[in-house]
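These notes are about the structure you will find just below.
For clarity, chains are labelled A, B, C and D in written order, and residue numbers in each chain start from 1.
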Amino acid sequence: MNAPTSAPAFDHNLYAGCAAQIVSHTRELAAKGWTPATAGNFSIRMSADLAAITISGKDKGRLSEADIMVVDMDNRPVATHHRPSAETALHTHLYRRYPDVGAVLHTHSPTQTIAGLLYAPEGRVRLKGYELFKALRGHTTHEKTFDLPVVPNSQDMDELTASVDAVLSEPNTWGYLIAGHGLYAWGKDISEARRHLDAFEFMLGCELEMRRLRG
Amino acid sequence: MNAPTSAPAFDHNLYAGCAAQIVSHTRELAAKGWTPATAGNFSIRMSADLAAITISGKDKGRLSEADIMVVDMDNRPVATHHRPSAETALHTHLYRRYPDVGAVLHTHSPTQTIAGLLYAPEGRVRLKGYELFKALRGHTTHEKTFDLPVVPNSQDMDELTASVDAVLSEPNTWGYLIAGHGLYAWGKDISEARRHLDAFEFMLGCELEMRRLRG
Amino acid sequence: MNAPTSAPAFDHNLYAGCAAQIVSHTRELAAKGWTPATAGNFSIRMSADLAAITISGKDKGRLSEADIMVVDMDNRPVATHHRPSAETALHTHLYRRYPDVGAVLHTHSPTQTIAGLLYAPEGRVRLKGYELFKALRGHTTHEKTFDLPVVPNSQDMDELTASVDAVLSEPNTWGYLIAGHGLYAWGKDISEARRHLDAFEFMLGCELEMRRLRG
Amino acid sequence: MNAPTSAPAFDHNLYAGCAAQIVSHTRELAAKGWTPATAGNFSIRMSADLAAITISGKDKGRLSEADIMVVDMDNRPVATHHRPSAETALHTHLYRRYPDVGAVLHTHSPTQTIAGLLYAPEGRVRLKGYELFKALRGHTTHEKTFDLPVVPNSQDMDELTASVDAVLSEPNTWGYLIAGHGLYAWGKDISEARRHLDAFEFMLGCELEMRRLRG
């Protein structure tokens, strides 16, 4: 990544800090098996206009800071020859829609892939009675029903982004599934986004298990 | 944690030893996936009146001694600005009820969460024929029926503690489930509590598996 | 372990080598979750009359050479104050029955526990079509039916040993299940016993999975 | 491995590089549990006429460069006393059929073993709607049906190779299952073969899971 001799395109210390955090979390998620065959992408918002994001097609288990690039909120690369993944649009969509969101994590675990396929006809996974709702910001009790949205997959990113935008609501669901494609989760920073991601994976896993056990 | 210049509120060597043991076991349990999204809490009794316990909201996979505080048996913090988790009340309840209990471990594994939800209507998980009953203190044969109590969850800790108290019996069951919230297990020290916890997780996992296989 | 000043009760170099091998394999098996709550026991034959075996009640994930004792083929401790586990009788039974057997491994995995309970009424698990039969000594094709014996559990070791003896046959099955109690596997040395153990765990896991999938 | 004093049978630097890559990937696959009881074999094409391949019967979790031999495309050992595994024929078959293929990976995971047994009557596993199709070279969308071939197992390698040859087609499926025996996956180099392997394992696992959940 070359800094132009004029004013730098972004703060390199900020970039380096974001890259280090992304690498740390991504390697853990890869070790859990949630990023098969180079799937998954992870970003942190650097400012109102810029985000640090994983480059497409990299083995997430062997990710390094060199595999992180900077994009603007129109998905254009900044000060780099790397091309962003098509799925970058889903990250910037969330950053533009929610000014307080500071990180977006997209994983592709078996549970997330299957849950999306199974619940796609209903458009959401209906969760009830989990103490772990309290891991999602703003939620304080297990005594509720929580609908995690599911959208159909599409190779047309404009179509996909529009599908996602249509299901986002208040209060913030902190995540959504794409059928056969995995989960997007977000938060004010990467630690909160990770806590949300881990909570969704756990509850989706329990939900599939109970579906097996109840018939 | 500040020691007052008057007589210390507790024995710091004892506290340090308890904190080290809690951290060691908690990190292992986190690595097993039994403490998702900061769930779980773990304590060791320091004396008739005091216990060392994990501070609320910490990532259990990265727990350190700084994340352990001291409380009294009325759930009040001792010599610290940290606030105890609401679930501290479930630990002190067991310490007050059973004077010989020296450690309490609360985990939130998928198996424990699901088993609690599935068996809540029956109020217990009925286990039969496991050789591993012999891992529970006082049990010497597989030829018995063992009922692990299940209580409904509640955000009202007085209500939850009362529900738990009502299901505890003689002989000691060494554990109970809270529906959708996980397992509490205990023993005379943390090694025994851990052996009990591992035995319950194993048997609950087998029970759910056989429920799938038998239909 | 004290060596008497008269002729040593056993060859200490041989003992040390056996203890090291047992510790190495046991720690791996513990890491796989096959030795919950101190379950499991592992031995290597030192001679026609002696075997090195794990001491009862030890955490198998933290096993060290100090946790290995020597017994004779009547289950009596040799040159040690440690008492052998009751299950030692199942190891020496195999050493007495099969002079060529050099190691016995008893694990207690969820798959082995469940398979034993489910197939106990039939007295065996009938396996067909696995390429992995070829991992069992003497077996050269997948085109066969292999019956792995299952015996009912008992706390009376004489009764249990007799049940086992009644199901052993020619050709050697290299393993048997005890209902709700796990698997015993053996071989000419610990590497072969381990290969047999790993093959059984794998095939039993596939068998349970197919039972779920076929209904 | 002895180099003859005349012109060497192969380039030893090339061989050493291939051996190192095979060892690296094989140990990772063993750690995932995909090579039970010495099952599995892995190769890299060194030239039009030669391949480096794992020696038969080795514990894949403890594989070292000494466990890699060189064979020609008629399965004959080159400059070594080691005998190739019978399954070498399946590797060289692919190298002869597809001149651009540079690596072949054969694993034996539970999912691959079960999927082969379950889908053998249909002769293929029909996959639909997976975003992860895009991990397979030449595939650019989830909106398709992908048939992964399944052939019956045989101890007669000529018969087995002929069965495989009959199911290979255009476009390249990059993999096939042998019933009860696992998966063969390939690519232009070992990294691509590995990405294909990981993608198949993931999708087969999802497919079996959905079969359980849909009944």
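The rule is simple: a residue touches a chain if its C-beta (ideal position, glycine included) is under 8 Å from a C-beta of that chain, and two chains touch if they have at least 3 such contacts.
Predicted, not measured: the structure shown is a model, and the values here were computed from it.
Engineer: Which neighbours do chain A and chain D have in common?
Structural biologist: Per touch definition, common to chain A and chain D: zero chains.
Engineer: Report same or different for the chain A and chain B interface, where same means the shared residue numbers exceed half of all residue numbers found there.
Structural biologist: different
Engineer: Rounded to a whole Å, what is the gap between the Cα centroids of chain C and chain D?
Structural biologist: 33
Engineer: How many angstrom lie between the centres of chain B and chain D, each centre taken as the mean Cα position?
Structural biologist: 46
Engineer: What are the residues of chain D that contact at least two other chains?
Structural biologist: If we look for residues of chain D contacting two or more partner chains, we find 212, 215.
Engineer: What kind of graph do the touching chains make: line, ring, star, complete, other?
Structural biologist: Graph shape here is a ring: one loop, exactly two partners per chain.
Engineer: Spell out all pairs of chains that touch, sorted by label.
Structural biologist: Result for touching pairs of chains: A-B, A-D, B-C, C-D.
Engineer: For the complex, give me every residue of chain B touching chain C.
Structural biologist: The contact residues of chain B facing chain C are 129-132, 135, 140-143, 191, 195-196, 198-199, 201-202, 205-206, 209-210, 212-215.
Engineer: Tell me, which parts of chain C touch chain B in their complex?
Structural biologist: 36-39, 59, 108, 110, 113-114, 117-118, 153, 155, 178-182, 208, 211-212, 215
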